[in-house]
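One structure, as structure tokens, below. Some questions next.
Lettered A, B, C, D, E and F in written order, each chain numbered from 1.
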Amino acid sequence: MDLFALAVGNLTSPIILSFALGLFAALARSDLSIPEAVAKGMSIYLLFAIGFKGGVAVDEAGLSGTLLGALLGAVVLSFALPFAAYALLRVMTRLSALDAAAVAAHYGSISIVTFVAGTSVLESAGLSYDGWMVAVAAAMEAPAILSALWLVARSGGGRQMDGELMREILLNGSIVLLIGSFVIGWVTGSEGLARIESFIVSPFQGVLCLFLLDMGLVAGRGLRNARGVLRPGLLTFGVVMPLVGAASGAAAGLILGLGTGSTMLFMVLGASASYIAVPAAMRVALPEANPSVYLTLSLGVTFPFNLTLGLAIYLAVARFLTGG
Amino acid sequence: MQTHPAKRVEIIIEEVMEKRLTSALLGADVTGFTVLPVKGGSGRSGHWSRAGQVGRATGMVSVVCIVRPDRLDTLLEAAFAVVEPHIGVVSVTDCEVLRAERF
Amino acid sequence: MQTHPAKRVEIIIEEVMEKRLTSALLGADVTGFTVLPVKGGSGRSGHWSRAGQVGRATGMVSVVCIVRPDRLDTLLEAAFAVVEPHIGVVSVTDCEVLRAERF
Amino acid sequence: MDLFALAVGNLTSPIILSFALGLFAALARSDLSIPEAVAKGMSIYLLFAIGFKGGVAVDEAGLSGTLLGALLGAVVLSFALPFAAYALLRVMTRLSALDAAAVAAHYGSISIVTFVAGTSVLESAGLSYDGWMVAVAAAMEAPAILSALWLVARSGGGRQMDGELMREILLNGSIVLLIGSFVIGWVTGSEGLARIESFIVSPFQGVLCLFLLDMGLVAGRGLRNARGVLRPGLLTFGVVMPLVGAASGAAAGLILGLGTGSTMLFMVLGASASYIAVPAAMRVALPEANPSVYLTLSLGVTFPFNLTLGLAIYLAVARFLTGG
Amino acid sequence: MQTHPAKRVEIIIEEVMEKRLTSALLGADVTGFTVLPVKGGSGRSGHWSRAGQVGRATGMVSVVCIVRPDRLDTLLEAAFAVVEPHIGVVSVTDCEVLRAERF
Amino acid sequence: MDLFALAVGNLTSPIILSFALGLFAALARSDLSIPEAVAKGMSIYLLFAIGFKGGVAVDEAGLSGTLLGALLGAVVLSFALPFAAYALLRVMTRLSALDAAAVAAHYGSISIVTFVAGTSVLESAGLSYDGWMVAVAAAMEAPAILSALWLVARSGGGRQMDGELMREILLNGSIVLLIGSFVIGWVTGSEGLARIESFIVSPFQGVLCLFLLDMGLVAGRGLRNARGVLRPGLLTFGVVMPLVGAASGAAAGLILGLGTGSTMLFMVLGASASYIAVPAAMRVALPEANPSVYLTLSLGVTFPFNLTLGLAIYLAVARFLTGG
């Protein structure tokens, strides 16, 4: 019953409860809302902090040979998962090929907040992870988009990937900030950390609470506006696909011989679905795909599932597999 | 005061397409425009609001562009090429401007 | 390019009334509109600015709505019912739109 | 001269001086201003922090039977104070029935920042208070609006209260966030607090300073634009009514047998006037009432009075009455 | 519905000049106007965007002002005196308003 | 090689690297951006914190007679430097008299972020400085504008300085906030500091990092849009003029007999160029001057130069001159 206790402990953490509060407020049509600029500010803070801390950890622990393998595994996973998602969607739902490909791109990519929540769970459990896992996360952001565009092109639709879009995807703000602060953390090391620790370490969990409050609000508003969209087939997909992704992440972790913490995070990356970078790319590249399908699924179904149950499951499985 | 006829074009378009649109305008030698933020809206694809959003997938902007009447068609063609497969609204109004030499 | 006549309605209304207005519009089957933020302004009830404001009591928004000419009256009636006891400005301009089938 | 020393000590705290700086800057027409999004972000932070800490305090101290009584007393007070305010206004000023009712609603409701400043004063004085006082504060937000609408309806004006407005008032952002974070704090207890303490406890006073700087700016701008409105009668009301409200709060505290801290906070709630929730409700329900009257009075007169002199008086009286 | 002819004046002007413009308008007894924020734009002096800016030197605002036709010239003269040496665009559109007594 | 080590140490601090990251992201046309409201919020925080800490330092150390002399020196320097800058510009570049005067105003005034970065360097080096140096910084903001307008008037152009513009300049937000928080810090002293220390002291360096990230983004965007403007002559001026300003600052420091830290900061003030207050004043007073010249020069050339090399040089020179 370890898993159960963990799930309950996780469910009653301030982080999850803040998300639930936001969800409740939006569904009850409260006018509670967080300004767009503040939400963006918090996301910049979280990306900077998680990247920086990852870099410092690498500076302290040194780079094991595993990093390159992990990056490679991440890219392969991000390329491959959309195919699994696409196949599942075509079987489980009646989405068009175009919509299915657009959704699939989200599941090959990742959600950095889910990753951050995963590191919180690890910390609570007293487990450590490799600092370079943030680089692995960054590496998984973009490849899935290419797979999705390929799937669309194959079925005769979509527009060609132009260089401009490619540049936009690879240099999108989240990737640049995450990698950039990772490098800064690595270069400045623990001395650098000491100077800004009381900014990026101490208040981190609190900012995460308010950010999740906001995500609950946005997800709740999305669910209200998209009631018609969420057929049972899609809902099921939104819960099954993360498990598939997590299983692939676990396989990658085992093959690479990662520790418990990093394996769990690899599962989280596999399981999570993008809700920032990929939707924006889809609006540009596949304008005919229905955004309320992919946004609702990613933010309204898979994100809450991962946050509430998924993380506990992935940790338990990672422990079991790695004997951690 | 002395005013001169001109056209006011308003293009409401997805935020992700903003740069592509303004590049197309500049490419068509339409160098004067102003971009206004948009808070929310509604259309055939439903209701949306920017409140609390971090991503750019759901926002729109409004690009206002005042041109000499004889430049209108060039502008509309440049804009249409970008807007066509996307959601977005293009409207044109007759107006009068001060300082016609600026347009 | 081929354009079609339409009406551009701009309703400047108190932020607290935004949801009531858009519900009324949707209720009158006017499903396309865009809401722009407003920074400040002045009227018979004095000068105001959103700078530093936490409450919603002093803000306005601008709702822009482009409709087919034959839908104008329905729209104005729906809007008027909401605006009537409140402060707010409703103006209508003739315009031309691309892609008339969208309206 | 205890009261005097306290007032001076209070007047030279960074919080009050920040408010004064904002007031000065606005009156001198400096272009200093805090972006709307930042101001809203700070208010969300303050509500979240004060609610959470209240909930944790309840978890630690347990719920005494007093809570229910206090909630009941709060609702009664919020319903009743508008009648007193309305009567005073009709006697002291030449406001129309409509404007008087609109102003009265503000004084039955509360200002959460004044409450927060009250808790700061208590902390400086080394006094504690019941954590559930934040729930009491939330309970006082809305009832006063109903009294005011009833007063207007009785005199033949106004619009009927519709269900939509009722929902808006009860689920307004501040109430939902305050109650929500209170519940989160209660559920997660001191373990939850430990995780986010360096976000919601340590920087609290500093954020409050910047928030009061902003309130000074907004109040100063309001005073400049509403010079014509503030006749002597209204000004006097803006200082007398808080004392009436504080007296009622003191009575409630004594009847319920609360301690010094909670009694003082009850006085603060009675004395303070809303400047967020009630003005918005008045714009919707009583659009013909003049907003510059009630906004200027609440934010430009009563708020500064409470902040500078009121809090010191209420603390002294609460100490005297409860022997604390 | 019954509407009345009016003029919609839109003045896109530098943020640093906003207060001077609105004072000039108030001085000319034009007491009704609404100020919209602007995100970015382009003109003869190049491209700009407010993103991340702290200073006020690069921003613009859009001042919308609806007036009775016979008040237009007073308004334009007041505005022109402020805009003249500065960058900025003034455009005038014919429109119809509800509740003419408000203007 | 002390200077070299210092420069390298400075170059690899999180602060500088954050600026470099922003610069890189903007030049690579990433869509990374910090919302305007958040950037303004951070600048308000930095001004409030630096002013407050300065005031507390004065309360603790007492006011030596030097303050008045330093203020006087600051005003003289701010008046005088534009003449030097103007002469250099006319010799080194082909700018018109108008543009040269507009640029000159920026170099007589100061950049408060450069000042803040200077205090960081001092702290890292374990050196202290007089708290009232923030008042000296404030005193240098405005006088340079008058010199520039005089230069333009002399050459027959420009508009007359009206009272309204004068008021705007003297009461501009940065000056009011800096002086205001300085006074608050002075009045409340270390007792006041204790209450808000974990807001204004601990997270300071971290906020500075994110603020510099934003400045890098803005500077990079400016450089991209103003490629044509930066002729070699102008570029050279952007590096030479700070050295002239720093030399004047050093002279002032020596004449006044300041310590190493304060002398270094006086050099920083002389060397730095305004990018907030002066550009806004120039838009109003000299609308015909080309803003991309002065903005690009100040933010895109001189600011990075000061940040990366300048500060290290000024510290070394200040140490040498004062024997510190």
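Miscellaneous remarks
In the analysis below, contacts are C-beta pairs under 8 Å (C-beta built on N, C-alpha and C of every residue); 3 or more make two chains touch, one makes a residue touch a chain.
If you're wondering where the values come from, they're calculated on a predicted model, not measured in any experiment.
Considering every other chain in turn, the ones in contact with both subunit B and subunit C prove to be E. Judged by shared residue numbers over all numbers used at their interface, subunit A and subunit F contact each other through mostly different positions, with under half in common.
Centre-to-centre separation of subunit D and subunit E, using mean CA positions: 38 Å. Mean C-alpha positions place subunit B and subunit E at a centre distance of 18 Å. Residue positions of subunit A with contacts to 2 or more other chains are 31, 33-38, 40-41, 198, 202-203. Residues of subunit E in contact with two or more other chains: 36-37, 47, 56, 93-94. Every pair of chains in contact is given here: A-B, A-D, A-F, B-C, B-E, C-D, C-E, D-F, E-F.
Chain contact summary for the complex, subunit C toward subunit D: residues 14, 16-17, 20, 45-58, 85-87. If you check the complex, the residues on subunit B that touch subunit E are 1, 3, 6, 8, 22, 25-26, 31-37, 61, 64, 66, 93-99, 102. Within the complex, the subunit F residues that touch subunit A are 12-14, 17-18, 21, 24-25, 28-38, 41, 198, 202-207, 209-210, 213.
On subunit E, the positions that touch subunit B within their shared complex are 10, 12, 36-44, 47, 60, 62, 73, 76-77, 80, 83, 89-94. Within the complex formed with subunit A, the residues of subunit D that make contact are 35-38, 40-41, 44-45, 48, 52, 167-168, 171-173, 176-177, 180-181, 183-184, 187-188, 192, 195-196, 198-200, 202-203.
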